[in-house]
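Chain lettering (A, B and C) follows the sequence in which the chains are written, and residue indices restart at 1 in each chain.
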């Protein structure tokens, strides 16, 4: 029983990050019907921004070697700021990789390539500026809090994990409230439902696309910062595997479905936590095995809607 | 003279969620006739075509082709049995040349045969042009030629005159009659343009809210009170 | 600057681009190419290092053994393509792309974790059938010529035409009597065969083989070859594969910036030349 509860705790905290990640994908997918392959790079950017804002110094290999911000922000300020910075970068990605194609009504296939191009540029810019080395976020971020909290019955949770879970849950709650209650959120959903009709109703779909990208960027940046906090930054390419896994999570839950992205993230997180230690090498395949089975049994994903071609 | 019907629909129904798109429709299409299908928008005409050509399985009821049940069969197999259709919203292979559009439907390399069909619809000069680059009326005729290229016995035309000008409509009427008279084709045609249908069809079937409310010669149908009500509303003279 | 080994890699790039192109011509965005490429390479690496009977007596690894590897790799990749193609090809558009990415990732993780396949380090000291890169240039040149000829022939055949029709409108193709499931499966099969054959030669050429050969990056890079070259005729992917493989090498003088320039090319390419370098109609000009 305790083992199970411990697995659940570990799985939930990892799954929450996957969910944040997949939410970003799904926001863009719901308004544009395409996948943004630069999302993993934005996640990476968020991690590095968090590191810099917390007062971390650039290592010796990058073009910015030795650079350090004059002041080190506390975590509660650095995380959202990194999210905002990533949101700005996401808007740039939209402007260069998506907008020209959207204006032309281009084949969806082309977006895969241009967004990947944007991702490649972003990752390599980071490498150029910050070097390829690993970065660990500065220590005492959590102040006086202990590194591990005991929950009784032998259960324990890393404080970082708890923080991650709480922040992710809070953000998802706010996002779904915003989507369903606010005017802008409802407009965004209307564009996702039917862009043409939304335009007739006076909703500016271009602005909604930008809003979706900004939000997705914010979520990616936040997820990047949280993961960096939890496991440190392994190098400029560390977002790629998360990006791929996020894709698995996305399809598992159903493309374009917000609750689906959360559910998919939690399922994959918990499933990965259940992989026994001696098979841990296979952990990375769990999300994809799930994805594969779900796609074959239920192509629209767990919570997605079935699309029927109209003749 | 009682010949077995080429195509028989028996109590065909189709439900989409809460919408009863087809409600117990029965219809026999006789060899060699031009049967028109009319009715208000949303009456279930295209759904009926989709059921016949295998794109939509009926919820209940049966479809028989030369006496054999065919409901729920794959569209490509039905096409090879001799049922070919056009689409309400043109569905040509837009990037392919006119010639290749026809050769896809033929399933073989037959340049000469394809050119003959193009000549039949007055498109011989556009053989190498991409289908998507043709004028709208030309695309409509190319779609008919593409259906003919499959070597059908029954041709299903879904609003072939939509968007055509009066001259083109007249040419279309002549083309359909030619297909029946010279190629011994049977034609099932959906069309909103009632005068055209009155001239062209041997019989008319009228659908409303998924039900067949009338069937008979154009003259009979025109006088049918149910039809008048469906088109003009209750209380019309 | 264009040395022989770069030429070999360019030919390899062109082959992988054709492997992506084949299903794409039938409207199917499959990113499984690196998976079949890895299968080909793994078969070659295992057979040539673990089966002494194949090694021969001479100094060089016998070509007949390479052919045997090729045969086995094609059989394995072909069988796998037929088995997974059935269910996978029912998926549409981006779902198919993601499912094939998942397949490649699963394969990569399996190869990475199995000691039999050399695990993370891979298989080393794969014997050489040629005594220099020129031999590989010839072998790859022959293979590429064969595949190009096959693609060109296919494009004139009913099957190739049916593929193009499915790309334009799958539903209409089905209504016009095209057995779309079969056509899509064949396109997927051809793609798997081309990728596996390229992999067999690559294992020998690179002299070592590991799980990283099956990566998501490779999927997208070969897709970029096709998109930039143009995907309406076989010449587009070939040109895209040749040029884009050469690009990072030719950009070596700009040092650290080369991947950024590569990113710029694939970012701006679809924006500036949406039809690719070789649009439809260029290769088959109007016949008289």
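Criterion: a contact is a pair of C-beta atoms (placed from the backbone, for glycine too) under 8 Å apart; a residue touches a chain by one contact, two chains touch by 3 or more.
This structure is a prediction, so every number in the text was calculated from the model and none was measured.
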### Summary
One chain's C-alpha mean falls closest to the whole-protein C-alpha mean, and that chain is C
### Task
Compute the centre of every chain as the mean of its C-alpha atoms, then state which one is farthest from the centre of chain C.
B
## Note on the structure
Taking each chain's centre as the mean of its CA atoms, chain B sits from chain C at a distance in Å of 44
#### Entry: Distance from chain B to chain A - Cα centre to Cα centre, in angstrom
50
#### Entry: Length of the line joining the C-alpha centres of chain A and chain C, rounded to whole Å
31
### Query
Touching two or more other chains, which residues of chain B qualify?
55, 87
### Message
At least two partner chains per residue is the criterion; list those residues in chain C.
### Response
171
### Task
List, in ascending order, every residue of chain A touching at least 2 other chains.
311
### Query
Taking the complex as given, what residues does chain C use to touch chain B?
156-158, 161-162, 164-165, 167-169, 171-180, 232, 280, 286-287
### Message
Looking at the complex, which residues from chain B come into contact with chain C?
### Response
53, 55, 74-76, 79-80, 84-85, 87, 91-96, 100-101, 103-109, 128, 130, 146-147, 149-150
### Query
Across the complex, what residues on chain A touch chain C?
34-35, 37, 96-97, 100-101, 104, 106, 108-110, 112-114, 116-121, 124-125, 127-128, 240, 244, 247-248, 250-251, 255, 281-282, 284-285, 288-289, 291-292, 295-296, 299, 309, 311
### Task
Using the touch definition up top, name the residues of chain C that touch chain A in the complex.
29, 87-88, 90-95, 97-99, 101-103, 105-106, 109-110, 112-113, 171, 216-217, 220, 223-224, 227-228, 256-257, 259-260, 262-271, 274
